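To keep things simple, chains are lettered A, B, C and D as they appear, and every chain counts its residues starting from 1.
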Amino acid sequence: MPLTPDQIAEIEALRATPRPTLRAVSEGMEAHLYKAHEVLDHGFVRVIDYMGNDAAIVQAARVSYGAGTKKVNDDSGLIRYLMRHWHSTPFEMCELKLHVKLPIFVARQWIRHRTANVNEYSARYSIMDREFYIPEPQHLAAQSTVNNQGRGAVLEGAEAARVLEILKSDAARSYDHYEAMLSQDGQQGLARELARMNLPANIYTQWYWKVDLHNLFHFLRLRADAHAQYEIRIYAEAIAKVVADWVPVAYGAFEDYRMGGTTLSAKAMAVLKRRLAGETVTQEESGMSKGEWREFTEVWG
Amino acid sequence: MPLTPDQIAEIEALRATPRPTLRAVSEGMEAHLYKAHEVLDHGFVRVIDYMGNDAAIVQAARVSYGAGTKKVNDDSGLIRYLMRHWHSTPFEMCELKLHVKLPIFVARQWIRHRTANVNEYSARYSIMDREFYIPEPQHLAAQSTVNNQGRGAVLEGAEAARVLEILKSDAARSYDHYEAMLSQDGQQGLARELARMNLPANIYTQWYWKVDLHNLFHFLRLRADAHAQYEIRIYAEAIAKVVADWVPVAYGAFEDYRMGGTTLSAKAMAVLKRRLAGETVTQEESGMSKGEWREFTEVWG
Amino acid sequence: MPLTPDQIAEIEALRATPRPTLRAVSEGMEAHLYKAHEVLDHGFVRVIDYMGNDAAIVQAARVSYGAGTKKVNDDSGLIRYLMRHWHSTPFEMCELKLHVKLPIFVARQWIRHRTANVNEYSARYSIMDREFYIPEPQHLAAQSTVNNQGRGAVLEGAEAARVLEILKSDAARSYDHYEAMLSQDGQQGLARELARMNLPANIYTQWYWKVDLHNLFHFLRLRADAHAQYEIRIYAEAIAKVVADWVPVAYGAFEDYRMGGTTLSAKAMAVLKRRLAGETVTQEESGMSKGEWREFTEVWG
Amino acid sequence: MPLTPDQIAEIEALRATPRPTLRAVSEGMEAHLYKAHEVLDHGFVRVIDYMGNDAAIVQAARVSYGAGTKKVNDDSGLIRYLMRHWHSTPFEMCELKLHVKLPIFVARQWIRHRTANVNEYSARYSIMDREFYIPEPQHLAAQSTVNNQGRGAVLEGAEAARVLEILKSDAARSYDHYEAMLSQDGQQGLARELARMNLPANIYTQWYWKVDLHNLFHFLRLRADAHAQYEIRIYAEAIAKVVADWVPVAYGAFEDYRMGGTTLSAKAMAVLKRRLAGETVTQEESGMSKGEWREFTEVWG
């Protein structure tokens, strides 16, 4: 369970005291504020703050004085047009601030998205909590035999049991030793900034992460994708649900044009056009490599 | 007068309808929302939205669950500590969105601050308004004789009159010609994206500009500085007043450590230490160049 | 003619003195170094420096110690794979530095690409040259009647003549007045930072612009596109030719996957799949708006 | 020893084959190219490529056509002026590409500098090497009793021995278990992207890291500082030596104005001015907090 009673009480206190504001409000997002959406065994995603809503995207695109008098219908058409034609700046006018608890190996992938603001819990300054990510049995997968950076079949039987046992006991031992090195019982106690180096990459850290909607969509496109590692994808999916409630029109356009859409190379376009004209095209004729052809036919048959 | 009655009505409508939110609120900022703070002869700065307040800086620095139970006193000390030691990420957790109307030559300096989001009024898509910046007499200054990028004495008499006359008549003529080229009266009308090239750099444009507090402080440090051109400095000063109402503790730290403070080179430190020990140090002994020594003695005598 | 004899001599001097280096070299790029590629009537693009080549992309992707022993064939496949799967960081390992002379209204579009380094000629510090962009007759186009930010038919006869006359005479007059305001003949001379505001947006400026290959590809995708304004597109096309000589494999992948390719929304994919299965699909059945359907059928018939 | 014979041979091969270039060259940097500068027990810093030199900073600041005819003396004065007045864009015109091998807990601090390009060795794709950072005895320090994020006295005797024993045996065991989980001997073998989570933060990773000189100076100012953790500071110091050979004039200015200099708050300036006038000022009169006063008197007595 990721939250203590004290933490839950703090969150409830924050949710109990609405205050008046003149800013743009998203009702869908107000319902999420501060709540912990659980992810993995000890992680979560919490919305701490947001700026803007669908109307704010339109308002910025039009550089207008007020909220505008156009119909919702027009706004939706404009937002879809902006998304279709890669006009990214109006989406940058919305901003999201999250509190996330996540394993360090997930944090190391996540931080590669540079266009965001981050404050991470400091293991130089504070002592880490004894919380480690241990995969559920159905996510304990073998190395893929076809994809160098993917997973294959789920491990079973003795192998699965042994892996789980290793992960659990190594986590426990490394944390026991971390505490022993820090301890000042009859000794000086190793500096926290040194002791932390003994902790494995499945220990949980946490951070505040703030990002604009355009860059968040880019994050979601890469990390909610089927090729992303499961342990970060599930965070991306939790965030995607929140975004759908925050800016439903923009999220709908994102789903249609980015998540649900695809890109075609010039060669792939040529093959599709020949197919539409009734021709049959082979890999050799396509000019694509075998790998490219396999990816192409997975989508287009 | 920068705003039309319709625009004023839109702003009043926005200010008339507070709505409940669970987000962090800054009372000082709510008082500014949407209002136009006039700058130069036709420009303005308007706060469109904001995220966070002083407490949000502290909350992010502590990666905490709630608003915290520490005293205001502790928060202030922490914010000043963060500013003093260049811990910039907690300040990035606050965000400001402005609507600004400004001359194009000011916009060209402003846009050099890259860590911000911008949506500008498009002269490809729309027709520019007939509004030009004409300096007030007291700002019509001669080229500085000591500083290659500064101003000297105020122009007077016939020279001042002639300059004002040139600026006004050239602006009027260029706009008349802009309209004439666009006109479809008995002709096709030149494309807007081409016609705009006839307009001078003192015509007003407008944009939505969104920035985090850390990068805004950096902007203010450079642009509210005495070395900045007057026409951008007055925008920076208008924004600084708004920020002081938004995050008074952080702004106070910024004033003390950045705006009101100074930096010393190793050589300058050595001179000051010798002076504190009672020595007299000459420029030659200081190791500084003449220009550097002049800048140093302007501050330290 | 954009360059003076002195400038040409400086360039020739730079090209006359090769020096040994241990760094990665691109022969194709050495041939371009320092030369001015003329663009528009007074503009140019000059390569000042570059870092990396196709092999450097591969080397970074593999985090390898040396230049690698893989065959060129493997390298090409890897570069195409990286481009296809949006692995952008290896392309960031190449860097290009350009010297560009361009009209201010083009510079204002260009600068919106923020992930680049820029040093622009300062009109606060220096006096601008008397050089203005005057379109050639075939680029003097009417406002498009279907696209709010595009061009239609070329202007002809009296209208074209009148527009050219306006652009030329306004440019000349504004520059005469700029000089008159700056002049110190019997007067103080207006500060350069003020006098410049009288100059129109078709005056030429120049800057050093430095960007990594990933962000340069993004720039080229947007600005070498048919929807970009002609006056920036022609700069993008000049740069694209240089890039093709610098990193021919990466540029080939960029042409295939980005410039020559297309993106499909989920709705567009569904229509294509139904068409491939022999169905006829109408706009109403497609779920697309009329504008979207028009864009779709322009590509796919 | 960080490099294998094969790796050394690759590096020697690269250093054996100079090629002609027309680009700006830094002799001081050519001497460093590809060589491994050893850091910590298994880490290194290697220069892979560079763009620009001191003259390139000046050339960009002047937006000039050639290398310039000014004397070295003028160039040095200009570079110092640019540094003193925070004109950062000319320094951005130089670029450095490094290959770095470093412990993961150091990498996690390092990556927080976002304005850089990174390609890291992928533990999803490849198997990590069995190399862990084990501090030398003199760096095995206790937690500071006055600074929450610093080190105090060096551990001694039994405590030091016990800590070293823990770090070594936990590293060895976690790597044995990592290999055991990956092994396909009679089992499927856990996916690499999962097995890596068992590895502690002192295992070495490596990356290509590319950054411009302005942002590199910012990195060095924060990470070569006495407050930085020793294990990242020693990397910063190794890089600083390389930079001093690459751009000696710019590095000299950086040392004088940034590394060797200091910043003063408005309050600190007031105290110094009163002291220079012969007054004695107490902490209470200074308006500073106790912590701030302590930091101030550490520098100024």
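Observations on the model:
Just so we're on the same page, contacts are C-beta pairs under 8 Å (C-beta built on N, C-alpha and C of every residue); 3 or more make two chains touch, one makes a residue touch a chain.
Nothing here was measured: the structure is a model prediction, and the numbers come from that model.
The set of chains touching subunit A and also touching subunit D is given as B, C.
With centres set at the average Cα position, the gap from subunit B to subunit D is 33 Å. Inter-chain spacing, taken between the CA centroids of subunit C and subunit D, is 35 Å.
Touching two or more other chains at once are residues 89, 112, 118 of subunit A.
If touching chains are joined by edges, the resulting network of the protein chains shown connects every chain directly with every other.
Residues 3, 6-7, 10-11, 13-15, 17-25, 30, 33-34, 48-52, 56, 59-61, 63, 65-67, 89-90, 92-93, 95, 97, 99, 117-121, 206-208, 210, 212 of subunit B touch subunit A in their complex.
Touching subunit B in their complex are the following residues of subunit C: 103-105, 108, 111-112, 114-115, 118, 122, 124-125, 133, 135, 140-144, 148-153, 155, 159, 162-163, 166-167, 170, 173-174, 177, 180-182, 184, 187-194, 196-202, 229. Every residue of subunit B that touches subunit D in the complex is listed here, in rising order: 77, 80-81, 84-86, 89, 112, 222, 227, 255-257, 259-269, 272-273, 275-276, 289, 291-292, 295, 299-301.
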